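Look at the two complexes coming up: chain A is in both, with chain B in one and chain C in the other.
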Partner chain A sequence: MKRLNLGRFAINAFIAILALFILGPIVWLALHAFTSGWTYPHLYPNGITLQWWSKVFLDSALKTAIRNSLLISPIVVLLSMVICLPAAYAAGRMNYFGRKTFMVGIFSANSFPKIGLFAAIATLYYALNLMGTIMGVIIVQLLGTIIYMTWIPAAAFAAVPKNLEEAARDAGASKFTVFRTITLRMAMPGILVAIVMSFLASFDEAQGTYLVGAPNIYTMPTEMYSLVQNYPIQVAAVFSLLLALPSVLLLGLARKHIMGGQLAEGFQLK
Partner chain B sequence: MSLPPLLLVFVFVGLPILIGLTFSLGFTSGPNRVVSLIGQQIHRKNHWWGTLSAYQDVIHDSRFLGDLGLTIFVTALSTILVVLLALSVALYQRLIGGRKASILVTLSIVPLFVPVVISAWAIHTFYGGDGFMRSFFSQFGINFPTLTSTPSAIVIGTVWTSLPFAILMVSSGMQAIPDALIESARDCGASGARVILNILIPLAKTPIIIATSFTAIGILGSFTIPLFLGPNQPTMLGVEISNFFGSYNRPQQSLVMAFIVFFIASGIAISYVWSNVKSARESGRL
Partner chain C sequence: MSRESENMGLELRGLKKVLGGRVIIDDLHLVVEQGEMISLLGPSGCGKTTTLRMIAGFLQADEGQIVLAGKDVTNLGPDMRPSAMVFQNYALWPHMSAAKNVAYPLKIKGLSKIEINEKVEAALELVNLLHHKDSRPGQISGGEQQRVALARALVQEPDILLLDEPLSNLDAKLREKVREDIRELQRRLGITTVIVTHDQEEALSISDRVAVMNSGRIEQFSTPHDLYRYPATEYVASFIGSLNKFEGDFIDGQVIPGPGLVGIRPEDVVVSSHYFEGSREGTVQLVIPRGHFYEVVIARAEGIFRVFMNEGIPQTGDRVHVGVKKILRYINGNLVH
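What follows is the complex of A and B.
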């Protein structure tokens, strides 16, 4: 009995510490969005206000950043789908060696330090006149989505049982019908997770976007770099809440599939 | 059909890296002409294969050595902490389960949905001079140290951001282990520790190795977290690569550092690929 109590105490303490570790910083920052100030060492703010929200919505630079982010990320995800999904389908249907070579090729590109790649990419960008353009930002963000948009759907396509498709063909379904009603439908959860992860990767991308886009194009994450230096902490807090909003919405959408193992499945070279 | 993404990766990842490699070896003509004209302390090749002068510059730079030490230290410590945390949560979920287990897993996934810039800034304020930790402990007369701008804060930040992926990998690996295996071991009198060490961890080895290598590679090249949370000097190589490229205008040395990080990351990546190949061979798929 005593041991059981000790075990229960230990797990409750573990949950409490993990909650403080994970949620503490976000909650602390979020609270600042509604305060007029916070003086150390008080645990209560000096006052409560909504003035920072109007400040963000009236600041044209911040508004532009929000607009850019909401414009660029969907384009990046769509482009990524067009480029990567057919490849993921092909990879899912390849033999083990072909698939592995394809995926390791994509993966090795991912293990080069991003910041070093962005430094190296500058040469090519100057040559192609992509520096400081929307197209340049889109390509840089696209690179970060490829691994999600190929790996996760490839695993999902590979997991669709072949005999199911063959049975449908035997029953007289056309190739396209089989693809639409069986293959695509069964692979859908994986594709959904890939879309969510790609959107987050693009929406959160800061290093490459800053190097390529600044000073012409700022997105919400790159605006944060200057925000934290030039504005009071409360403005950064408001901006953070806005920036986190799409992610939280997507969390609700895909949580079941992500925690259900679609993400983990995609990262094993089966 | 698999051509488009490979082509994209080749043009915008492979090609820049190859051109960058020639530049780091002192090839300053062709596509490297502009960057060689703008940059400072450029070394030009003196053999047909180039020169290693830029590499020597970097290796003999005491600043680089400090950065490298910090980068390896943070990567090793954070990876160990992340994997241990992921293991404990996943094992608890597999062996005991219940509502508390799902609270633990859900908590650990939260960082996946917070943009890195925000988490870095949130952690910066939380552990800063007038942050919550110091305010809270000062109520009890305890002077909690200011962690922001120290290596500890980088470790906190990297553990925070790397946790979700590791948890998802390890917990899905553990969930795939059949109950029958655990129960039959228990029936034969195996203790809880024995079940964990001799059954659960060996059977979930591949996902654990994948989680470890991805976490380590991610931390090795991290930029935003050390930029917001770390000290100015020494800093992690991700930040230093950007400093050398931008502020110091020494692009050649910046690329040399990128290749050194890439070299270390490749070592980790090979262990990842190898673990996958081995597991495929064991299950008869190869």
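What follows is the complex of A and C.
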């Protein structure tokens, strides 16, 4: 009995430490975003204020960065869906020569340091006059979403049993109606996971965006570089919270439809 | 040969199907009357499922014609055929409730909401599942899922109902009840029905007629009674029920060498402790209790006889007189009278 309590205590302590480790920095950020100053050796912050928030929302450079991020990421996700979902369907439902090579190839593009890839892209961009343009940033961010938007939906499409589609055909539905009402609908949880992952990949992308976009186009993550150097720490805290907000909102919205195993299942070759 | 037909049931004319370079179905002919319930019976790989999938339209026939309710449907897709299928694993859509599953075909047809509701309720009522209309397939038992699948098929008011191994996923106790329920429903609605099964007991007990299939062809298509008492081929005789088989001919109560084959059903063997006309002596080797009857294994000069007996059961080692009431003679695999 005693041993059991000890074990339970150990587990609870471990969970508490883990929570502190993960949530600690976020709590620290959240507190700093609302304090006028909080430095060693003061135990408490010396005042509560909203001035950093108004600073962020009134600063035109920061506002532009927020606007750019909220404009570019949805476009990237939409384009990624248009390009990748048909490929994912093909990879999930059809068996053709080179299918596995193709899928593993997509993986391999993500297994090298991206900075090399971006440098090569930059030379290409100069030739195509894409340097410093929104289009250029969109294409660079698109690269990071492809792996999510192909692998996870491909597994989701592959997991739809053939005879569920046959049953719908038997019930009088045309091939397109079957795809719309059965196949797509059943693959939707996987596609939702892919959308969330792609959005976050695009929203958080800084390396390529900085290389291609600066100094014309700044998004929230690239703006962070100058923020950390040029503003008080509290402004960076406000900005970090804003950066985390879409992820939290998206995960909250999608939680109902996302099962735990969906992501893990996405990365299997069948 | 006319392309259309007077028969409002099902006609298969010279069907052929090659899959992966192997001939699965070869020159298959079958005529099913309207309102009749028939089974396609055979071991796995005999082509029964392929035949059903061709009738449903999931597979295109390489040769031949399929005529459903008087119309040639050979070149129509599954969505355009007046057939409805109940799949072996039911193939219910897991993201829809039972009622939504049943409503799907009606929605595709473009019926009004009121009409759909009425028909869905009636169909679920028919299979006694109205209380589960808002349940998802994952929340109900296998037997209930099957009834939803049946309701989804019946609500389409098809000219022909196709059932793929309908009882194979149910436990033994439920199987008999569902078998009777399906039969009763089919009789009441008078719907032409084709069942695919590998279970001879199931086929014999549920069908008006049974088509025994073997390597892509129909060996015999007749009533359960004729199939058992007058099996047209040696294959059917061995496949259906038990059979004592001897090479040669049977004359004067004993097997004599010859070119053919003799089959004797266990219940056609007569056993007595005394001599009777045509009997020969044998020794009881084994007595196996089978519930409501006994299986008795008797060794005679020409080989082993298996006998089904109800009374006067001998003991192991007894000397008994064995005679035969009825024999089936086959030459080159075909029944001779």
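Remarks
We adopt the following convention: the second predicted complex is superposed on the first by the 261 of 270 C-alpha atoms of A that agree within 3 Å, B and C clash if a C-alpha of one lies under 4 Å from a C-alpha of the other, contacts with A are read in each partner's own complex, and residues count from 1 in each chain.
Simple rule for what comes next: a residue touches a chain if its C-beta (ideal position, glycine included) is under 8 Å from a C-beta of that chain, and two chains touch if they have at least 3 such contacts.
Every value quoted in this text rests on a predicted model; they were computed, and no experiment measured them.
Considered on the superposed chain A, chain B and chain C are sterically compatible, since they fit side by side.
Judged by the touch definition given at the top, the superposed model places A:Pro74 against neither chain B nor chain C.
When the shared chain is aligned, no partner comes close enough to touch A:Gly37: not chain B, not chain C. Within the superposed three-chain model, A:Ala173 lies in touch with chain C and out of touch with chain B [touch as defined at top]. Of the two partner chains, chain B is the only one that A:Thr123 touches; chain C does not reach it. In the superposition on chain A, A:Gly47 makes contact with neither chain B nor chain C.
In the overlay built on the shared chain, the residue A:Pro161 is in contact with chain C alone; chain B does not reach it.
Between chain B and chain C, the partner in contact with more residues of chain A is B. When the two complexes are overlaid on their common chain A, residue A:Pro232 makes contact with neither chain B nor chain C. When the two structures are aligned on their common chain, the gap between the nearest CA atoms of chain B and chain C comes to 18 Å.
Chain A residues in contact with chain B (one complex) as well as with chain C (other complex) do not exist. Remark: chain A residues 161, 163-164, 166-174, 177, 181-182, 185-186 touch chain C in the complex. By the touch criterion given at the top, residues 56-58, 77-80, 83-85, 87, 89, 91-95, 104-105, 108-109, 152, 156 of chain C touch chain A in their complex.
Residues 1-6, 8-9, 11-17, 19-20, 23, 31-32, 34-35, 88, 92, 100, 103-119, 121-127, 129-132, 134-136, 138-139, 156, 160, 163, 165, 168-169, 171-173, 175, 206-207, 210, 214, 217, 220-221, 223-224, 228, 237-239, 241-242, 245, 251, 254-255, 257-259, 261-262, 265-266, 268-269, 273, 276-277, 280, 285-286 of chain B are the ones touching chain A in the complex. By the touch criterion given at the top, residues 11-12, 14-15, 18-19, 21-26, 28-29, 32, 38-43, 83-84, 86-87, 89-91, 94, 96, 100, 102, 104-117, 119-124, 126-127, 139, 142-143, 146, 149-150, 200, 203-204, 206-207, 211, 221, 224-225, 228, 233, 236, 240, 243-244, 247-248, 250-251, 255, 258-259, 261, 263-265, 267-270 of chain A touch chain B in their complex.
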